[in-house]
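Each in structure tokens, the structures are laid out below.
What follows is a pair of complexes built around chain A, which joins chain B in one and chain C in the other.
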Partner chain A sequence: MKASRKNGDVWLIAGVVAVALLLFAVLWLLAERGTAVAVTVDGKPYATYPLSQNTEVKIAGVDGGSCTLVIADGQATVVAATCPDGICVRHRAVSRGGETIVCLPNRVVVTVVGAPAVDGEV
Partner chain B sequence: MKRKTALYGLLVALAFIFSYIEVLVPIPVGIPGVKLGLANGVTLVTLYLLRPVDAAAIACLRILLAGFTFGSPVSMLYSLCGGLLSLLVMWLCRRSHRFSVVGVSVAGGVAHNVGQLLLAAALLSASVVWYAPVLLLTGTLTGALIGLLCRSLLPRLEKMR
Partner chain C sequence: MHRRLLCGVLTLCLVFGAVGCASFTAATPQKASWLDVFDTVTGLTVYRMDGTDFYEKAEQLHHRLIDYHRLFDIYHTYEGVNNLKTVNDNAGKAVAVDPLILDLLEYGLSMYERTDGRVNILFGAVLTRWHACRTAALADPSAARLPQEAALQEANRHTAPSLLEIDRGAGTVRLTDPQASLDVGAIAKGYAAELAAAYAAEELGFTSALLDVGGNLRAIGDKGGQPFSVGVKNPDADAARPYLLTVGVANGAAVTSGDYQRYFEVDGRRYAHIIDPDTLYPATYVRAVTVLCPHSGLADALSTALFVMPVEEGMAFLQTVPEAAAVWVLADGSLRYSPNFESYILA
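Entry: the complex of A and B
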């Protein structure tokens, strides 16, 4: 009798934890995907490109440098840059809200935006 | 009758003080709405010692008292939403005879957080659903702690009935 009651407890707790983890996974996979990338050059807004549209643009950085931004399959990458270190080129593709690629020599910052819920909170 | 009146007053006072303690000493986890739920423990004990309607009366009195004393109309609304849904779920879980006090308390803790989250979704925006996984887990944890507390308390309190 007592053992069967305890069983109910275990199933209940396991069920709630499973629902929580599932919900977390679903939210992470679906909702956190960004909708666009915002590009700033030297701290000033440069342009915004939707992640849903495949494009390739050359972004004019400071001192005549440039970065080539490619958007494909909902992800953004920097494929080429006129800088000696190439850190931004080696950075993996970004797609989730808040992810960022930085090209310091050109002062170019590419940030994924449009993820719901992360901002606009109290 | 006199005995029951005294017990009623004692439980309301206890729940009121527990609410106050939780306002004084919030758990610093950085998520709004996470608390131990000591006052909900009183509701749980009442549910086992007296009738469900008594538990509902004591929960409502506690929420009104705490809301007027150190809350706001909005916080009172949140407490009512969480507290009453919690009581309903705990009552159903107890009636099903499938859970021990700990299980009933876990269900109550989770229901409390779900109730508050639903109200927050209605009042603020649907994006509060982001808090749902965390609140489900913390509700389980705090519910289990309160349940363990009540499990050791209840045999001692039986005599008071």
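Entry: the complex of A and C
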């Protein structure tokens, strides 16, 4: 009796987790693709680059450092940086609204911005 | 202890799952669009309506718009229809027209009063000269030229609103000066959008919808208790941000007049389509101005009027129209708001 209830619990738990994961995956897949990346350095707006245009730019960070941002095939990625940890370089390419790449030593933040979802335009 | 943690995690999963579901179950709006009215793109999005048969109702609305377009058209003639082109072609003679034309023209004359002459439906004599140059320049950019200043000055002698005679009793209109001509470009689309929206709400049962007649946006109702979000376009089309800001619009109109919409170039200089009645040349005070107000015809007229005056003057003028709010986009890309505009800003 007790064992079977436990068994049922396990199935319920597994089911709920599976449904949640599925919803999460679907929502993530449907997440709006961004149209541009906005770059800030030390919190101040630096530049905005459209994701539709392939480009490679060197972003001047703080204290003479720099990050190299590459936009290709609608995705943005940092391919090189003067920072010691290289976390930004290892970060995967971003393309969805809200995704960010941060290079903390250089105080560079790259954020994917999208066209805001609107009902109409004038 | 573990149990409790597990319960917490599962509850969170359920909550997030439910939120995810809610965003999926929001009804998909139904859409229709037409390219054959007002020489522009007209779009309809219906979020909620009484009854069914969206496509049938949309087609009824489409036919209404075709009727308005044919009546208010100054460029084409339609068999069996006396429209504004008929009136212009027969300047000097009385022309029997549909009561809707009388309504539009009376509305136009009232806008002349209200905007202190900035919006003038008798401005056709001047505007046709600019229109001819723009059409020619777009067809053959190498032959682009400006209208002769003297010709503009001469044309401007035939633009007084008193040159239009409206006879309600006889159902006729007459241009008393054979050189005068009507141009309702500053009001017709907005006015037609207002008529169409009223028809859609009252006759078709649309309770939550957006009608967009070439940038003359008219909201019917709202979107589940929230205003519709409307993006104000960036005049610089190549910029990364397509919208300078988004505003909330419910039960009302939004329209933009901008130098980026229709223009032609001569010697690398851009000449936009909105002509300042004082200079007879394209107005260059601002890049664009967007007006929000309940009546779409008024919004259309106001956006044109504000486009042809300096911002400070427009700001003062707008105080005489408390139901309207505006945002100006200046040449350097900065924005100016009328005092009541900020309450409409969503983002």
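Convention: the second predicted complex is superposed on the first by the 84 of 122 C-alpha atoms of A that agree within 3 Å, B and C clash if a C-alpha of one lies under 4 Å from a C-alpha of the other, contacts with A are read in each partner's own complex, and residues count from 1 in each chain.
Following the convention adopted for this analysis, a residue touches a chain if its C-beta (ideal position, glycine included) is under 8 Å from a C-beta of that chain, and two chains touch if they have at least 3 such contacts.
Quick caveat: nothing in here was measured; it's all calculated off a predicted structure.
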Inset, instruction - Applying the touch criterion given at the start, work out whether A:Pro50 contacts chain B, chain C, both or neither, answering first, second, both or neither. - result: second
Inset, instruction - Go through the superposed model and pick first if A:Ile13 touches only chain B, second if only chain C, both, or neither. - result: both
Inset, instruction - With the two complexes superposed on chain A, say which partner A:Arg92 touches: chain B (first), chain C (second), both, or neither. - result: neither
Legend entry - chain B versus chain C as contact partner of A:Leu27, first or second or both or neither: both
Inset, instruction - In the overlay, answer first, second, both or neither for which of chain B and chain C A:Ala36 touches. - result: second
Inset, instruction - Could you tell me which stretches of chain A are touched by chain B in one complex and by chain C in the other? - result: 13, 16-17, 19-20, 23-24, 27, 116-118, 120-122
Inset, instruction - Enumerate the contact residues on chain C facing chain A in the complex. - result: 6, 10, 13-14, 16-17, 20-21, 23, 43, 45, 210, 212, 215-217, 219, 223, 228-233, 240-243, 246, 249, 254-256, 290, 347
Inset, instruction - Name, in rising order, each residue of chain A that touches chain B in their complex. - result: 2, 4-9, 12-13, 16-17, 19-21, 23-24, 27, 31, 116-118, 120-122
Inset, instruction - Spell out the part of chain B that touches chain A in their complex, as residue ranges. - result: 93, 96-100, 102-103, 106-107, 110, 124-125, 127-130, 132-134, 136-137, 139-140, 144
Inset, instruction - Could you pull out which chain A residues touch chain C in their complex? - result: 13, 16-17, 19-20, 23-24, 26-27, 35-36, 38, 48-50, 113, 115-122
